[in-house]
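Pasting in a structure now, in structure tokens, and then I'll have a few things to ask.
Each chain carries a letter (A, B, C, D, E and F) given by its place in the written order, and its residues are counted from 1.
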């Protein structure tokens, strides 16, 4: 399920930043920066995969906004890496929500066993 | 969502084996073996993470079967790597279904934004 | 020098395919498929980096073809992975040449020490 | 030799923490946290491999404590990652010593060339 | 082009150290240390590859200084990792320049398409 | 224990080749080639680390043969990757034995807890 691969690391980056700002423990904060870095990079990788592997010419024709959304989301991942501002992580989540809308319209989720697991969850 | 990380690569391993047996293209088959290898290894890694990070002593006390299920599932990943028999991949999926049952009972899915995405899916 | 990171692995993929077809040694051929796979994946990664990190809105405005070129090149990497047809690897090289033209027009190469090394080479 | 793969990174984590506390150099300390993180993760990976690949049902039947030891050791690796307290690293070493006892009883070391090297060491 | 793989990460390490010392932003500085670490490690890897894969006995016979240059450069990468002193990064660049001289004399650059790209750059 | 990191993967490469030649199972053989490739690469990496990190100028002065031994061993790893000939893997083991002799003379093994584990093994 391609989209969870975008959303999960982005959410972890967001929550890690929340914890970072709530903490006064320098060791914890150093580790949080590292976690944020890795997750934002991971989200970026999966945005690239979504754009260049999943979306086909017919998708882009029908939903031309997808190119710009993926581009902005990928660049936003870099901003999350560079910043401690939680608004940057929030902006990333919002962009992924928008990508998720297109992905769903494009017929994203189909695997039935996965769907069953999801429903169960 | 830890469980999708188990299920997704296991499903890919299963489906890759299906395609392997349906194909007569040697290049495709060589690549399929590689995909199966990587996905089974990935599933194994996430089973280990589930067992050693996610499950707490109180889970194991309440659902003592979880230890044996994770152990068997991890070993089953190795069998999937070693074999071209699709039944081995099927057995792995069944074990993950059982782990999924315990995980759900143990209160697995909680993240609301993820849940929304899942529902949408 | 971002562009050499695209071109080098793509060239290796191309040449590896040439050697693959010229060889009758099964061990060599199995290893060649693996090399092709890795290099095409590496090229794909660096195309994604070029597109989402290097190119800025002003580049895309001035050279709107860059989006489509990067997209096609990334998808072409997947074709190189899936195929033994050397024409697919040739098509990838041609796409990278076109990306290289835009990149040069966009002011790509600037680092002077690198440039000196390049000149020396 | 599976056990050295557990012990070596755990020892490095322990010694790195010693050096961390003995140092006043911020750059060194930042790097030490990183080293500790990686080594504890590596130890954790090899504990998982030992548990899910090396130990067979007959081992677990004969030495039922092995499951709990591996589980605690894997969780202890996470504690070493999260903490600057050297006692956490010491506890990990003690757990690995206990795993080592079972592993030796279970017939762990057999490769003769390795044994020769070990003896020489 | 093997040599760019040495030079590029070494240059990034050098420039990252420059930026580190020019900055007062703790988050930026923590990330800069990480970048320096990774790039110096990458340079080290490619120095090892150059030495053990590229250079042949006839090169070493003709240019016996290459062994010592590669050895010193590899060790210098470790110093760059351990230090915030920009002179260590400068020393690494100087050693790579010397390796570059030998490499060029040894007939390093040959790939014509690469050369064309380089010229264009 | 640096030397086990050289010896273990080299031994696995050797034994994997033995099993490769003893087998008629094409799936097993494809996986064996992959294992051999990875282990030879791993051995090569650790030979490079031994040479460029562990050995100091005083070692090289006292045991000048170490440079040539490490160089030959690293190149031999590439031969093991390229070949199905078990003699190549045997040659690698012999070179590592010779490196082991120097390493022991150079005072290699010192960590006492490791030594205890080794003795126990």
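What we mean here is this: a contact is a pair of C-beta atoms (placed from the backbone, for glycine too) under 8 Å apart; a residue touches a chain by one contact, two chains touch by 3 or more.
Keep in mind that this is a model prediction, so the values were computed, not measured.
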Relative to subunit D, chain with the most remote C-alpha centre: C
Listed pair (E-F, A-C or B-F) duplicating the C-F contact set, over half by residue number: B-F
Fraction-based call for subunit F against subunit B, same above half, different below: different
Centroid distance [mean C-alpha coordinates] between subunit D and subunit B, Å: 26
Centre-of-Cα separation between subunit E and subunit B, whole angstrom: 42
Euclidean distance of C-alpha centroids - subunit D vs subunit E, Å: 34
Touching two or more other chains - residues of subunit D: 30, 34
Subunit E residues within the subunit F interface of the complex: 44-45, 47-48, 51-53, 67, 71, 74-75, 78
Subunit D contact footprint on subunit A (complex, rising order): 27-28, 30-31, 34
Subunit E residues within the subunit D interface of the complex: 30, 33-34, 37, 81-84
